[in-house]
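Here the chain labels run A, B and C in written order, and each chain numbers its own residues starting at 1.
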Amino acid sequence: MGKKILLEHINKPGIKSYEIYRQNGGYNSVEKALKELKPADIVEEVKKSGLRGRGGAGFPAGMKWSFIDKKSGNPRYLVCNADESEPGTFKDRYLMEFIPHLLIEGMITSCIALESNLGFIYIRGEYKWIKKILEQAIAEARAAGWLGHNILGTGYSLDLIVHPGAGAYICGEETALLESLEGKRGNPRMKPPFPAVKGLYGNPTVVNNVETIASVPWIINNGGDAYSKIGIGRSTGTKLISACGNINKPGVYEIELGLPVDEFLNSEEYCGGIKDGKMLKAVVAGGSSVPILPAELFYKTKKGEPRLMSYESLSDGGFESGTMLGSGGFIVYDEDQCIVRNTWNFSRFYHHESCGQCSPCREGTGWMEKVLHNLENGHGKMSDIDLLWDIQKKIDGNTICPLGDAAAWPVASAIRHFREEFEWHVEHAQEAQKRNYGLLKSTKEYFSALVV
Amino acid sequence: MLAVKTNKPIILTEEIQNKIREVIEQYPEGKSKSALLPVLHIVQDENAGWLSVEAMDKVAELMKLRPIEVYEVATFYSMYNLKPVGRFLLEVCHTGPCAIRKGEWLIDYLKKKLRINVGETTADGLFTLKTVECLGACGYAPMMQVGEYYYEFLETPEKVDKLLDDFRMKGFNKN
Amino acid sequence: MKVTIDNIEIDVEPSTTIMNAARKVGGDIVPPAMCYYTSLKGSGGKCRACLVKVAQGSTADPRPMPKLVASCCTNVQEGMVVQNITSPEVMETRKGIVEFLLINHPLDCPVCDQAGECDLQNFAFDHGRQQTRYDFERRTFDVINIGEDIKLHMTRCILCYRCTMVADQLTDGREHGILWRGDKSEISTYIQKAVENDFSGNMIDVCPVGALTDKHFRFRNRVWFLNPMDAHRDCKKCSGKVVLWMRGEEIFRVTGRKDQYNELKEFICNDCRFENYDSKNWIVDGPRDIANESVINANHYEEGTKALPKELYSKLNNEKWENV
């Protein structure tokens, strides 16, 4: 069993409630942060821990905190990014649904560090029942004196607001999230200025992922040094991985960073291997945006080293032969899955979610979807593959926010590693039309269920 | 395309108006526009699951915004329905991780079973079928959202049939 | 601050953008701007036409910037080295931007009132490719009237957001906005509603393409057959300084005065723009300076102005005019 930090108490009955959570050491970090530490000490501990942003970019959290402008005297805000919408990612939901007080505790401790008196949890609108769970947890914490005026008699006051989104992947981008929080369309802002200087309502703001904030209590209780000893190299600590696709045991797992991918995918403790005894075809290791890797490059890096679940190991080889840890959305494809159809599906997703503000993303995502749709449905030309490559290149890096890049990478990596499959679709148009996910459309099971 | 007014005025109960006021008051002074998304959710729930022009105008009036500011926001987010929907809005995920675990089958099955296409409502006004992008339930595919909750692991006809029957019962009981 | 753009060194004030630094130099090194508009707060950054390469961030931190940056909203740093037309990467990207802007554009220049003074037409002429690689149906929208004076062809729009900024920053309230999202975004009023206020006509002038056109001028003439004349009148609402687009004595349309980057110096009111088509209401200052390469110049409009009626001619008080 690997080290558990976030999910240590997840199986204790009633951990969702305040009493049981408190009995298991909950809210100790708030007490320590208010009574024993100065805000700067908390930032220092988080810096020492090496904790990196768990939303996808992997930026060191302590460093992000230290950028926040405390000199101007303007109000500062902490905003928790709970707009989990990256296909393949469902880890924050698990954390908030089953151990909500961990996020609330993390929010309070982090707000103390940032000397902020108001925090927001921006949760995706579809998680309606989780919003209620969080509001319940906030009410319990307030009743127990961890929120509100003059907390623990220290003179420190803090309020938390749970703010629902309304269905927009783009609001996971931090400046789009802030726009949305201000009651506007979720159009990302030009940067600079960064939120740490000019964020919500024009005031200094830190935006952190749910999992990042939930890691703070442990760091404060046990020290940044202790946290930095967990994991491997610059990938310190543990990470939640949401595993899905053609595996035996889909679900959310906490792993110590540095776990070999082979063990994660095939051991009984985690994914339990490929479903129905099939072969592994490909893996998207960190949410739909990161490059897809074929089985051989997934298990071993180009240099022949076994790949590990860490920021560095997964990105070994750059985009030529590597990928990214991203948000931890781990999607597994068995031998029967169609990469062209999957790429088309992801393109449709980014087309649907593009905010439409800047031209490469607005026009390019739709164009890619249409070309891929043709290829998938047997109407493609050989030249379409090169055209796709050119379109994604013209989008990548040229947009206001990373959604453009995120739309380009899956297309680029699919062509890079599975070009023959695209060519097969052009050369075998009729068979391509029949083909579907897991070849379901050609099986009896599929059709018999449709006779009503 | 321009929207057509229904000319049905929106009446919000005292209770709902108080709820809206409470939501607005959460936010810092002078930042009441922040409440626009949650307020639209409340009004949509009150207005049979969709936002008519009148409903949005009402929100603009309550929040002291210009109507266009509300239209701009309501059309941006996919959870706001700008056309009437059935009693039960079946929002089925069709993004990659669901699709490789029978997500597309679930949509096809619902289409046949309900005899409607995606985007349509059944003649009895009970069900509207809608496809949505990733809802964050990838490990529990195939799935759909109906109202407040997620319904997951809908991989067999039996499970889907049972669910639809439950909804029909609920709809029947309430009418 | 000293910056170098395409090997030309200039000295500019701190917090100048790369775009404005380049405009100080002028000529070919000025990046094209489809959405940036100096006098509209918050404009820019969206069209990506002005992307440039920063080969050296500053003297203090000489590392190049990892991605191309939007020159209209990136400030210069001491010692920054920028490549615009000297960077093959920038030129290639710009080609891509033209292509993106055109894939859903109807290319109806032959019947578009903006032809001849269209930023997109010029941009495509300078950077576009000969033929399209997009063989799908183009996005279409209904043409809608937004008020008595303005027609909206959403099919031509490139979503620069300038017109919404005019409405926000110049008028007492916005009636139209950006609806929906992604490539379904559209400028609209959502409900049948007129945009009526004293400065709404400026939306036509800031529109870089033929999406917003003057209803009084629609299909009446091509801009290159008209003689643009600087003129003014006493106006209580605005400066009254305009350009009259004339043929003989007849005024076909009235616009604000645009500079070499097609930006208005001053916004004018709707009275001046839509209510004064009688040349007697104006004092003509002289022919408008039009860039040599403009198609409007191809018609040698100075010749035409000589045929002006006598009473107008006598009102001319500009030295420039006397030299003609």
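Brief remarks on what is shown
Basically, contacts are C-beta pairs under 8 Å (C-beta built on N, C-alpha and C of every residue); 3 or more make two chains touch, one makes a residue touch a chain.
These numbers were taken from a predicted model, which means no experiment stands behind them.
Taken as a contact graph, with one node per protein chain and an edge wherever two chains touch, the assembly is complete, since every chain touches every other chain.
Set side by side, A-B and A-C show the greater C-beta contact count at A-B. Of all chains shown, the one whose average CA position lies nearest the global CA mean is A.
If you average the Cα atoms of subunit A and of subunit C, the two centres end up 41 Å apart. Between subunit A and subunit B, the centres computed from C-alpha atoms are 25 Å apart. For subunit B, the set of residues that touch two or more other chains comprises 72, 76.
Multi-chain contact residues of subunit C, defined as those touching 2 or more other chains: 178, 180-181. For subunit A, the set of residues touching two or more other chains reads 168, 185, 352-353, 355.
The part of subunit A that touches subunit C in the complex is made up of residues 168, 185, 190, 351-360, 362-367, 370, 387, 390, 394, 397-400. Against subunit A, the residues of subunit B that register as touching in their complex are 26-28, 31, 33-38, 40-41, 72-73, 76-80, 94-97, 99-105, 108-109, 112-113, 132-141, 145, 148-149, 157. On subunit A, the positions that touch subunit B within their shared complex are 75, 84-90, 93, 118, 124-129, 161, 163-169, 180-186, 201, 242-246, 250-252, 288, 329, 331, 333, 337, 341-342, 345-346, 349, 352-353, 355, 436-438, 440, 446, 449-452. Residues 141-142, 144, 173-181, 186, 188-192 of subunit C are the ones touching subunit B in the complex. Subunit C meets subunit A in the complex at residues 44-49, 51, 66-68, 70, 73, 93, 96-97, 99-101, 103-104, 133-134, 136, 158-159, 178, 180-185.
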